[in-house]
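Same chain, two partners: chain A is paired with chain B first, then with chain C.
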Partner chain A sequence: MNFLPMIIVFPLIMAIIMNLLHGKEKAVKYLTFATAIILIALPFIGEYGYYYFSGHGVVDGWISGIAYLYNPAKQAVIITLSLIASLVLITGMGEKLKNNMFVTLSLMGFASISAIVLADDIFNLYVFFEIISIVQAGLVFLSGTEEAYKAGLRYMIIGSVAAALMLLGITFLLASTGTLNISDMKHHLLTDNPMVYGGLLLLIVGLAYGSGLPPFHNIKADLYARSKGFISAMLQTYSKFVLVGLMLIILKLFNGLSYFSSAHAVLIALGVLAMVFGVVMALLQSDYKKLLAYHAISQGGYVATGLALGTPLGIVAGIFHAINHVIYKSALFLGAYIVSCKRGSNLHKLGGLLPLMPYVAFMVLCAKLAISGVPPFNGFQSKWMLAEAAMQVNMPEIAIIMIIVSIGTFVSMMKAFYLIYLKPVDEETLKEYQGKEVPKLAVFSLFVLTALCIIIGLDPSLITNYLWDYAREIGVNYCLK
Partner chain B sequence: MDFQMASFITSGLLVVIGLYGVFFVDNVLKKIIALEILGSGVNLALIAIGYNGGTIPIKLPNVPLNVFAKESAYPLTHALVLTNIVIEASMLAVMLGVSIILYKKYKTLKGSVILKED
Partner chain C sequence: MSSKRDLVVAISFFIFGASILYSLANMHVNPGVNIVYLNHYIVPNYVCAIIFDWRAYDTLGECLVLVVAVMVSWIVFGKSLYDNSYLKEVFHAPESDDYITLQRWGDYTPIIKFLAYPMSILMVALGILTVLGGHITPGGGFQGGALIASGFILSIIAFGSKSPLWFDHKFLERMEALGALGYLLLGVAGMFMGGYYLFNFTQINGIPVFPAPKDIITAGIIPYLNIVVGLKVLAGLSTAAFLLSCEKVIIEKISKSEEKLE
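Here is the complex of A and B:
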């Protein structure tokens, strides 16, 4: 028996149960711990291949009903997602915000991201795309400040527009092919009528909104910066994997068709713009969480560029960079959370934290080197692969931009490290620091993530072995110029 | 002009009016109403592509299945629209709730005040 839908059904059921346990803090705590353990096991219980809901299957050569498709590449993405989700849930156990709402929303988010990655049905994808935008706004509302409500409302209003346009795109595709199933639709898209073009471009609008590419990068960065540190770790994981899931579906539908070459240019341009805008805005920030938020946008640009190249190497590099990025950026956001427990996140008011928590400083430094692409950490491996993929399609200028953006990342990260850990401070501040505790669960999660950074950096084939088969299936080898 | 063409033109008009309202009207409540108009336009387009001159896609008990399949409109699009209406309603509820919270804080619904980035 195939237990594949449990990846989506189990977190949804747990979310409903958690919602009923309002006010029972102790029960919520134990149940959260149990759920976090089970989440890690979920990606391993499904079998590879198609799963058809309610036993419809293939009727007269057409796939009827909702279908899910599972393969090693999707398994690698969902393993990373469940790891980050369970670490964030464990970190959240020590925090006194409305605990059951946090657990409910993050489990719903886990379910919807897995559904977006697994779905082989484009309307199912749209439904979970809408759920994820409500969940992200809800996670931001949890921090309860006025700026959080503003950022969430702005995100939802723009989100409704983008989602309605994406539904219009799905309508166009349904009208021109007569099916909603992605594997079926692929065979009917060979002609290039204007309706298919329209559908493709409107899907790209949805993609840009869901993953924070320009022109939506500002509201997304605002969203990360306004929530608590460990919630931002969850949020940026969601948007990276929305990017991977939707981009894989666009590539699966259109890659290799003659009229996709112009859309390639649009996608690559979006990725490069996100890289440059993100790092330039990050260099200007004086708030640590905002700086990290803009770096999340910038790294999303790397992922989008790699995937948009559409060659097997580009697709592998893109997914691999997404996985690496969620690991080290979650570590950085957890570091920001630990720091903000001491004294806010304004860079000019911090300083001198190195003697108080040397281990945390060392682990955060590892993550900072990983995001700047320094060997032997995991960021180096995937950035190297991305540059290679850009060279392979005869676009060395993209590789050069990637290196320049990496240097900008390194500079702003080291600036933040100096201002937080090394800058000398007076006696009064030191006394204030000693009065406040470090959250131990967050340090544990930070340790696990940093260890993963080093392990993947030393042996990248741990992840890339999963990805090659699917990348060869949907990638097409060609030269863009 | 046949019925399907008229529906497409109407839905195009609704989408344009909705987009105008979201981006150029400076009142959060009116923005949310414009979002609903935009959503209705998309729903109408979705229903109109399934219309083939047939009857309503509800299978009555005394109609055999093959006759129903021949005579009715395409039922899939209607199912999709029902799902989309539910999603839109939940988005609307959350947005209205948050705008009430922000109204209590600022005593105004101007988008230039309560949606301002700082």
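Here is the complex of A and C:
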């Protein structure tokens, strides 16, 4: 028996059970820990290939039911996702309030992102896309401040429009091809029909909303900045993998078709704009979490650009960068969470934390070097691949923009490091710091993520070996002249 | 400044709308996979066959959208918040012991009360009928559940917290979880019976899962899926209406979570 659907069903069952356990602190604690351990094992229980729900496979030449497609590339994405999810769940256990709704919503989010990545059925993807947009707003509401309410509400209102537009796009594609299955749809898209253009346009609207590309980058950054640190780590992981899942589907459907070349340009432009906007906004921020939030947008732009190039190397680089990015950005958000336990996240009020927690400072420094693309860390490897992919299709200007944006990232990250850890402070502040504890579980998670940054940085083939087959299948080699 | 901005918005809106209308004007509908659905007979109600058999997994997702929406509305009104000082500012101390305070609305006339009660009972009965007959007649879990919930809401609007038709909010919460869990576990059962998630099995060791007259094709687990979806929809919609009208529950939630935080 193939246990592939358990990747989605098990977290959902646990989520519903956790919802019922409101107020029972001990049960919540132990069950959360058990679930976090089991999550890591989930990506290994499925078999590769197609999986047909309800046993409805190919009937009369059509794939009649809902299908999932599992392959090494998707497995690599889900392994990363489950690792981050379980680390974030473990970090959440260190909070004073053993919060069952946080666990419920995180598990729901985990299940829906896995479904989006796995789905070979475009309507199934939409259903889980809808769940994830509500879940993200709910996770922000959990922090309970007025700004959090505003950010979540804004996200939901825009989301109802954007997700509805995406549904319209899916109906366009359904009407012109007669099927919802992506592998089947590919064979029927060849007719040159304006409706397919309309469907592609509306899918791109959904993509930009789900992953925080412009014009939706502000609401997304607000979402990351207003939630608690470890929840932001979860949220940015979700949106990176929504980006990867949706982009892979768009590429699988349209890559290589004659009318995709103009859409290509639009997607690359979205990615480049996200890159530049994100880093420019980040340089202006005085709030540490907002700074990190805009960097998440900017790195999302890198992923989108790499995937949008559409060549096998570009696709590998894009997915690889997404995986690297969620690892080091989660580490940074956990660092921000540890700092905010001491004293808020306003950069001008912080300072002098280095002697109090030298290990945390060192690990955060590693993550900061990784995000700026400095050699032995993983960020360097994927940025190198991205630049290589841009050169391969003869677009050196994109490689140049990537390098400039990396420099901007380095500058703002080092500024934040100085203001938080190195800037001298007076005696009173030091006493105030010593009165507050460092969350130990968060430090543990931070350690695991930093170790991963270095390991992947030393041996990138650990991840890239998983990705090449699928990238060769959906990628198309070309070169601008 | 603002007029320029309006102009840009108007132009982009126009271009976007025109492109959608242009693609709609060139619509050629391909029947595609729908022919498969029409040729392979599962239950008399085609819509139900598609929703609960061919695409049962999508229906699970749609249910979960509602479940998550209700959970998030609980959070908005103060369940398990990490910090509820803002919410405490918004909601003040309760004015009376009633769950729903009718003073501000004014009381309804006896005519409305006289009509609303039998009406809501009829709606609940019709809802149950719609849920149970979902696989042979038009309707199903979603519609039936919504009917029952609207009967409940009608009764609450007419009578306030003295409503004769009353579900406790904790009971509703449990019922919703039961519905969602039921759907998920029926799917797992299908996995063990037929090898695929949400496989529609008609019998266990020769005993039919859903007894039916001989001249009707047996529906397998579809009626059970209808029932759990009905439970879930009825509980979800009632909870949403309940949360929007009962300040007292919210205030209780806030004060309870405060004890825990300290």
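A few points about this structure:
Keep in mind that, in the parts below, the second predicted complex is superposed on the first by the 477 of 481 C-alpha atoms of A that agree within 3 Å, B and C clash if a C-alpha of one lies under 4 Å from a C-alpha of the other, contacts with A are read in each partner's own complex, and residues count from 1 in each chain.
Criterion: contacts are C-beta pairs under 8 Å (C-beta built on N, C-alpha and C of every residue); 3 or more make two chains touch, one makes a residue touch a chain.
Quick caveat: nothing in here was measured; it's all calculated off a predicted structure.
Of the two partner chains, chain C is the only one that A:Ser143 touches; chain B does not reach it. A simple residue count on chain A separates chain B from chain C, and the partner touching more is C. Look at A:Tyr302: by the touch rule set out above, it reaches neither chain B nor chain C.
Of the two partner chains placed by the overlay, neither chain B nor chain C lies in contact with A:Phe110. Looking at the shared chain after the overlay, A:Phe241 reaches neither chain B nor chain C. Residue contacts after overlaying the shared chain place A:Val9 against chain C, while chain B stays out of touching range. Using the contact criterion defined above for the overlaid structures, shared-chain residue A:Asp222 touches chain B, although it does not reach chain C. In the overlay built on the shared chain, the residue A:Val161 is in contact with chain B alone; chain C does not reach it.
With both structures placed on the common chain, the touch criterion links A:Phe333 to neither chain B nor chain C. Legend: residue contacts after superposition of the two complexes on their common chain; A:Gly198 is shown touching chain C, with no touch to chain B.
In the superposition on chain A, the residues of chain A touched by chain B in one structure and by chain C in the other are 123, 127, 130-131, 134, 137-138, 141, 146, 149, 168, 174-175, 180. Contacts from chain B toward chain A in the complex involve residues 15, 18-19, 22, 28, 31-32, 35, 38-39, 42, 45-46, 49, 76-77, 80, 83-84, 87-88, 90-91, 94-95, 98-99, 101-102, 105, 114-118. Only residues 123, 127, 130-131, 133-134, 137-138, 141, 146-147, 149-150, 152-154, 156-157, 159-161, 164, 167-168, 171, 174-175, 180, 218, 222 of chain A touch chain B when the two sit together in their complex.
The touching residues of chain C, when paired with chain A in their complex, are 19-20, 22-37, 39-40, 53-58, 61-62, 64-65, 67-69, 71-72, 74-76, 79-87, 173-174, 177, 180-181, 184-185, 187-188, 190-192, 194-200, 256-257, 260-261.
The residues of chain A lying in touch with chain C in their complex are 1-2, 5, 9, 12-13, 16-17, 19-20, 22-23, 25, 51-56, 59-60, 62-66, 95-97, 99-102, 104-105, 108, 115, 123-124, 127-128, 130-131, 134-135, 137-138, 141-146, 149, 168, 172, 174-181, 184, 188, 193-195, 197-199, 201-202, 228.
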